[in-house]
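Both complexes below contain chain A, partnered by chain B and then by chain C.
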Partner chain A sequence: MKRGVPLLIVFVVGFVMLTTYFIKNPTLGQARTLLNNWGVIVTAFSVGLASVNILRIHSARIANRRSGWINSVALILTMFIFIVVGIYSRHNPDNKAAAQLFSNLFDYAYSPFSATMYAMIAFYVASASYRAFRMRSFEATLLLTAALLVMLGNAPIAEQIWDKFPVIGNWLLNVVNTTGQRGIAIGVAIGGFATSLRILLGFDRGHLGYGE
Partner chain B sequence: MWLERLQNIDRRVIYTVLLIVLLGPMIKPIGIPLTINKTTYQMYNLIESLNPQSDIVMLAMDYSVAGAADVHPQAVAVAKHLANRGIKMVMVAFVPDGPMLAERVLNILGDRVTYGEDIVNLGYLSGGESAVKKFIDEPATTFPRDHRGNAISSLPIMSNIKTIHDFSLIVDFQTGSPGYQDFLRQLPAGGPLYAAGIVTVSVPNVMPYLDSGQFAALLPGLRGGAEYEVLIGEPGEGAARMDAQSLGHMVIVTFIIVGNVAYFFSKRQEKSGRR
Partner chain C sequence: MNVSTNPWIWFMGIGMLSLYSFIYKENPIYRLFEHIYVGASVGYTFVTAYGNIIDQAWTPLTTEGKLNLLVPIILGLMLYTRYFKPIAWISRWPMSFLMGLGIGVSTYGLLESQLIAQSKAAMMPLFVKSSEGALLLGRSINNIIMILGVLGVLFYFFFSVEHKGPVRRMASLGRMVMMITFGVAFGNVVMGRISLLLGTISDIFGTWLGII
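Right after this comes the complex of A and B.
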């Protein structure tokens, strides 16, 4: 019962979604729409569940004064400010001050922090590519040459040095890369199909937490 | 000794050089000439081919603030082009940051559009691919209110939308998931054309889709945005940032070459030492 019911649900839901792709039937179509709507609701609910989980973990960290607890205070405080201001401004569209406050929080708090975290990758990439791209073997030399040519092909300044850089860069991207990507995509699709079939038929039960 | 040092330049030196090189053009743009790629022309021509009287474009604002430096200039440039041509736009988001970034685009468009008549920001729907599917199935009823709290029934632009086929084109600005794969899987056959503006790192992944015709057009990263700005004759933040990105690339290339030259000569020294 504990295993059978979840497996049956997975099979029925998967079967309906799959069948409606091939067969046009009003009843099955309605069932598909209903299941899809449930999917949207469940996903939205999972955001709330994740918030509760974050609250639980970080409250415990603060209560036990574990290392970095002050960061947890900042996280919970920020989360609550965003939630309260967001919900209030959403349900009171006439209150311009609340809408402005939410907009300011997004523009002057969330955006700069988020963009900063992403921008820092540029520095890590510069340092990592300097260390990693070495002509240690034939394959490494090939990879290095291709990377340099694509990079130079994408930089307008390199085009001013030699106008063939974009031509070579685009050829690598459009021909060599596309060929490889297509092969990978087909492989992933076949793998995905096989895995989906195993889940639908109940051979693969990892998603149910049984570890089998 | 020197060869050893050149192979192990301190990362702080690399960071400092890169920072200086990136900051310089941002403070004072150089204006490095930009040639327009074929893919950007495809997007431009696609939008030029639309009919302002009958065509409506869906702009999927599926990019995060983190990736906005790469994708936001594309969204602004395409929205400006659509607004200049008088083509109606419906903005939808399947990532949480989307509606706020759509508002930024609306602020830039200013008087070019009338909200509710020419353009609308429907807001965010959670659910990833399921949400994409829901909107494709029921675009008229998925959002009862827009992002600003207006009832959908009160917005004239939405009276033209009954099914997904009422859109002529979907331009999906994206930084990850949901993204092109979700749309391509869920869009019905014979549905609207699909074009995308993506982050630079995703360009190699999407090339087969462009090649096969599943993408009607593609704007690749910041360069795509900058090229589009040049094409519509309104150079903006994308074109300004391209100088910095371009010089940043050159710094990385220079460091890689220096490291490899030093590596090559140190190996030669090692070999001649053994003899």
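Right after this comes the complex of A and C.
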């Protein structure tokens, strides 16, 4: 029950899903749609689980007054504002004020903060490239030269400096990059297939966790 | 200068500046807005997941009488048994369901779109000729680079034989191709992040402060 049934579920669900792709049959097609829909629902429940985990961790931090507990208050408060307003506006579609509030929360908090967090990576990428360049190895130089040429190929000013920059950038993107991605994709596919088979047949049981 | 009077825009601007302050040094105001961002992300994801449960499980179950949807609902609820130690093992069942589903979908995708499609795409003529029979030198060189490059990358990940002699030379060619590929990816990431950065700068100096 504790380990046998989960392994059987993985095998049966995985095998049925795989079969639906290789045997064209309307019943199997319906089974695939049904299983996919079930997957969306179970995944949605798992999001709730993640939210409960975050709530538990930050509630404990507040209760024990650990350093930065005020940040945890802000996190939980923001989380609840989003959840309450989102669910309320969903069940009351005629309430324009609630819909506008949720839209504002998305447009002026979630969306711009998300863009800022991702944009900040540009600075760290620049600092990482500087450190890589300091390594002075042939591979690091190759990597950075390719990156520089692609960036120059995309920047309008580079075309004014030398009209061949976009040509070189495109060649790197379409020929060398495609070659590397293709080789890596084939390797990943072989490795992924082997790993999938190991999990399907129960040789790899990491997803069951530890303990009994 | 036309500074916005909208409190939402002020919140957005202060939040974005606070998040950018991390580039200089980690500080309390950055940490506060970082937590607000995490709270907003969790809240927004929760609302989306809640919508999925209502639309795809609860409404069809209660209005159309689709009793099969009880299965994913029960599986979803079983995830939460992990908070009760004596029955925590039950949460392995829905995890196994998701694992089996993921394997079924991804294995076919890996085989079809990565292994087979990429291998087929790699099988190209070494020497390309025009309809008049003339050798197209540029395309032929590109094809030779692509075929040798893919083989090189595959040799690099081939550990069943010792990397020496011709195998070592092919593997080092593969490594060079991969370095250029990573460089191209790196360049594209930088370009993507910079466009996000420009968007956020436009929000701060345009929408909020009204300078640009």
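One rule holds for everything that comes next: the second predicted complex is superposed on the first by the 204 of 212 C-alpha atoms of A that agree within 3 Å, B and C clash if a C-alpha of one lies under 4 Å from a C-alpha of the other, contacts with A are read in each partner's own complex, and residues count from 1 in each chain.
Here is the rule we use: a contact is a pair of C-beta atoms (placed from the backbone, for glycine too) under 8 Å apart; a residue touches a chain by one contact, two chains touch by 3 or more.
Nothing here was measured: the structure is a model prediction, and the numbers come from that model.
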Identify the partner contact of A:Phe80: answer first if only chain B is touched, second if only chain C is, both if each is, neither if none is.
-> second
Is A:Val167 touching the first partner chain B, the second partner chain C, both, or neither of them?
-> neither
Quick one: classify A:Ser103 as touching chain B (first), chain C (second), both or neither.
-> first
First (chain B), second (chain C), both or neither: which does A:Arg134 touch?
-> first
Between chain B (first) and chain C (second), which, if any, makes contact with A:Pro93: first, second, both or neither?
-> first
Counting only touches as set out at the top, which of chain B and chain C does A:Ala194 meet: first, second, both, neither?
-> neither
Kindly classify A:Ile57 by the partners it touches after superposition: chain B alone (first), chain C alone (second), both, or neither?
-> neither
Mind working out whether A:Pro156 is in touch with chain B, chain C, both or neither, as first, second, both or neither?
-> first
Of the partners chain B and chain C, which touch A:Thr178 in the superposed model: first, second, both, neither?
-> both
See if chain A has more residues touched by chain B or by chain C, and give me that chain.
-> C
Contacts on chain A seen with chain B and repeated with chain C across the two complexes = 36-37, 39-41, 43-44, 47, 90, 106-107, 110, 114-115, 117-119, 122-123, 125-126, 129, 144, 148, 151, 154, 173, 177-178, 181-182, 185
Show which residues of chain A lie in contact with chain B when the two form their complex.
-> 33, 36-37, 39-41, 43-44, 47, 90, 93, 103, 106-107, 110-111, 114-115, 117-119, 122-123, 125-127, 129-131, 133-135, 144, 148, 151-152, 154-160, 166, 170, 173-174, 177-178, 181-182, 185
Chain B residues within the chain A interface of the complex | 9, 11, 14-15, 18-19, 22, 32-35, 37, 64-69, 100, 103, 125-128, 130-131, 133-134, 137-138, 148-150, 200, 203-205, 207-208, 211, 223, 242, 245-253, 255-257, 259-260, 263-264
Of all residues in chain A, those that touch chain C in their complex = 1-3, 5-7, 9-18, 20-22, 34-52, 54, 68, 70-72, 74-83, 86-87, 90, 104-110, 112-123, 125-126, 129, 139, 142-151, 154, 172-173, 175-190, 192-193, 196-197, 199-200, 207-209, 211-212
Quick one: in the complex, what on chain C touches chain A?
-> 8-9, 11-12, 15-16, 19-20, 22-23, 31-54, 56-57, 68-69, 71-73, 75-77, 79-80, 82-83, 89, 92-101, 103-108, 110-112, 114-115, 118-119, 121-122, 142, 145-146, 149-154, 156-157, 174-191, 193-194, 196-197, 199-200, 203
